[in-house]
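What follows is a pair of complexes built around chain A, which joins chain B in one and chain C in the other.
Take a look at the complex of A and B:
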């Protein structure tokens, strides 16, 4: 029992879980409405979409790279989804599949450029961000697509079993799928191996180029999925979707224990990281923080969450060393 | 469809004015701070002005992001492409002054549109919504609907904090509330983007819907998101006044979820701004004694107009916008220019 508890304590998600539970308890004591069914629905809706954004970035962090174009891919998929339904009257499931295809293609393009040119992913995705955003603006001229089918609006806003939004389902499927991929499938192990040490991975027979392309493809697909889900949630295809995903996409995996140099990520930790960021955002509203101080408080709280998690890790490592000695 | 109707109607207004203008070499660039639906009307306004006043061209050029450096680069590039008149929404009221002065040094007339530059600058004037006044009037409309507003609690959802207009709006809403004996119990800002607006407005309503009597929104996206949020929770008790003419807001007015909206006049800004640019290039000067208004940034401000549209105006709000443009254009040259 004690050893099992010790195992949990050493896991990446334990620290973020403690922070999440503590935050929920503290906030609900000061504001009982926090746990109302409607607020839980709002929280879960935010988590559902933001989790995909964070997982999209997490896959790139896993190979030790950065994807600055996550938001631009999501935005392009979102307006493509909305545009195909409004302009070409394409049925929504087909439009969703095509939009996912656009995200997949954008991710593959990023991956191929990174793998075959050897240029840093930071630079490649900085450039592709501009390209994807430019295409978005060229298509929309900064005007939203409004004619979203009712079924898409319902899926984006309705719930089942009480406060559970329908949008949580694809996120759960993706999270379980990624956990399985990273834990049990060869591709997942290759991704972590390349992130840990690309040279060693190559020497052990792993195709680094193919692994990089695969990681970027998954990242693009997840970003597109987030964009499509946001169209349902917002009930319109806004060209600005994705513009402010960047900070969240890095903050959540890092809070969840991801190492930015690659090789170590946690799906559960990232989901908890997303939950922490969403709660922090809600707290700033619920406690009526001065709007001019919101960014300062948000940054401070994220630093605090990362710091607590890091402190816990260091403490665990010291304890481990002491026991080993 | 509504957008096309609005554009056609504006064309009709111009045709009615019966002006005939010679072709000119004026190439106007209308440059917003970044992509935003508010500015979309500038594109048609420029095209209409070019056609109606015989300009070489008047084109809408959008920087990809809301970044000052990106806007500056675009403006420099436009000079090399032969543009010789600039209508700019300043990416930053102080930061844009340098590039505006550089453009003016090339001999091009430069005007700030929809937002002002901080004086001193070489911009000839600033034409935009008197944002403080619009927020004040909108809040007054809201409080009137709330039986005068005494003792009522209202929330204010507004836009980017980097936009100097945001503080003016916050102050104006507070002023109107204080005058009526109401209280602004919360200001949520920096939500002129869909995701943060969705999260924060819904979180606020989840926790505080029963505590609030009214909502005033003074930015485009928060108005859209709050309209949808009130529809979602089915709340017609909370009285809301929005801003601008997004379809979502107009429909919410028709369906009774929103009391009304404060219309602005982006089309008129682009149309009259292009007209003025051409006049200034053809030898007209800005009158030294022009009756400019003063705001927190400049003492060369021209109000492009604002008007409240409630349930009775929701079907013909385009007419309200036309009226503002027509009135302003009719007296613009005489009032502000010396030709």
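Take a look at the complex of A and C:
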């Protein structure tokens, strides 16, 4: 019984879970409004979109790389979704599928370039960030698409049960799907193996190139999904969607215990990371604290999280050494 | 042992193509294969092309404006370059640049300090923030990517919080004047400042022990450590230098616009990221560290500025400029890859 508890304590999601619960309790004591159905709905809406952004980055962290273009892909998918409905009068489910396709294609392009050239993902995705954002501005000329169908606006804001918004459904499906992928499916194990050590993965017969492309494809798809959902949420296809995703996309996975050199990520941890970030955002609003401080808090959270992860790593190495000796 | 020779090779690279001579190659051939030569050729080709398409491209005002913009872009490139040579990167260049500019603005407007002290104060803030990055990186042993990602958010957030997102518009005339002045009708004093800094950086990396130690640290930290170089101290110095250079770029923008504005580098200073990497990467600075090309960075950033100006002047691409710059970065790294594999095949390196 005791050892089981110790196991939980060692797991990645235990710390973030403790913080999440503590934060909810403390905030709701100071301000009971925090747990009102309306506020919960707002919280869940924010979590639904931000979780996809974080999971999109998490898949690239899993292979030990980084994707600076998550926001640019999301923005491009968002304005394509809005534009196709407004200009070409395409029905919304078809437009959503096509926009997802754009995200998937953008991700595959990233992955193929990284795998084929061997140039660092940082440079490739910095270039593609600029290309995708440029296409976005070229199409929209910085003007939003306003004519979003009512049904999309409804799905983006309404609830289907109590405080549960429609938008939470795709996020739940994605989160469960990714957890299953990373825990049980060969592709997921390949992704983690490549992130852990690309060389030994290659030697054990895994195609590193294909795995890298697959991870980038999933990342692009999830970023596009987040962009499309934001169009419903904001009720317009805004060209600035995705501009401020970068920090959050790294903060949530590292709070959830992801190791930036790859091979170790946690879907549950990342979701808790997103929840912590969203709660902090809300608290700053509820208690009338300067919203500009959000940036400082987010940056501080990243430093704190990587610091904790690093400390655990060092401690694990020490224990290993002691056991070996 | 192997590491040490590799480090020596890489550092030798920094001293230009004429240092390593092997019998199988023609010196002229080597010159043609350098990044710098390729960039000069590209600059000439595009200059002729743009002039033919629109003679206004070489008008006095256009040349002046281009030089002034290039001055800032080159400085941003230098700011990233001095960190790249250590094998790291600095995402917070934009954030630091804006913080330095805002600090100088505050010293001038709110404290009423003389302009020269305010500028020194601004540069000091830039250097201190850069050094802070460096210290956290070497103390934690974490990669500079994640540390500077976090600090970019923190620096910018604190700056916005302190200034309440307001601008400082009472800038001393001595500071604003160089942004407006023209020598011979075409040369901006800002460009001259950039050339002076470029000269100083060249001297640093070619002739001083500190500069060579910085390059050695980037080429191989272990080998550098074994040869008695204080690797951690050098890394911190590089980050501090990057902060100062980002501060210079920020102050140049203040001089040009006549105000210190929090949004001058975009959200969290992200707008500087692309120019910051374009210059050094086009100029042939290795992202893995150990090699710096001051001239290459200068030419690379100039090429980028020229392309942007040309595309805007032709009025075909106002909103598409960012796409072209992204494609340029992609083409540049691919060309570099091809060049490298060509050199390796012909055993020229």
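Observations on the model:
The definition used in the following text is that the second predicted complex is superposed on the first by the 290 of 325 C-alpha atoms of A that agree within 3 Å, B and C clash if a C-alpha of one lies under 4 Å from a C-alpha of the other, contacts with A are read in each partner's own complex, and residues count from 1 in each chain.
FYI, contacts are C-beta pairs under 8 Å (C-beta built on N, C-alpha and C of every residue); 3 or more make two chains touch, one makes a residue touch a chain.
Model, not experiment: these values are computed from the prediction.
In the overlay built on the shared chain, the residue A:306 is in contact with chain C alone; chain B does not reach it. Shared-chain residue A:298: touches chain C; no touch with chain B. By the document's definition of touching, of the two partners only chain C reaches A:254; chain B does not. Contacts of A:319 after superposition on the shared chain: neither chain B nor chain C is touched.
When the two structures are aligned on the shared chain, A:46 is found in touch with chain B, with no touch to chain C. Once the two complexes are overlaid on the shared chain, A:183 sits clear of chain B and of chain C alike.
Of the two partner chains placed by superposition, chain B and chain C are both touched by A:243. Once chain A of one complex is fitted onto chain A of the other, the partner contacts of A:233 are limited to chain B, with no touch recorded for chain C.
Of the two partner chains placed by superposition, only chain C is touched by A:120; chain B is not. Shared contact residues on chain A (touching chain B in one structure, chain C in the other): 130, 133-134, 137, 141-142, 243-244, 292, 294-295. Those residues of chain A that touch chain C in the shared complex are 66, 113, 117-120, 122-124, 126-135, 137-138, 141-142, 243-244, 246-247, 250, 254, 260-261, 290, 292-300, 302-303, 306-307, 310.
If you check the complex, the residues on chain C that touch chain A are 89, 136, 140-143, 145-147, 149-154, 156-158, 160-161, 165, 267-268, 270, 273-274, 277, 281, 287, 319-327, 329-330, 333-334, 337.
Note for the complex: chain B touches chain A at residues 3, 35-37, 39-40, 43, 62, 64-65, 158, 161, 170, 185-190, 193-196, 198-200, 202-204, 206-208, 221, 224-225, 228, 232-233, 247-248. On chain A, the positions that touch chain B within their shared complex are 31, 33-34, 36, 38-39, 41-43, 45-46, 49, 130, 133-134, 137, 141-144, 146, 157, 230, 233-236, 238-241, 243-245, 278, 281-282, 284-286, 288, 291-292, 294-295.
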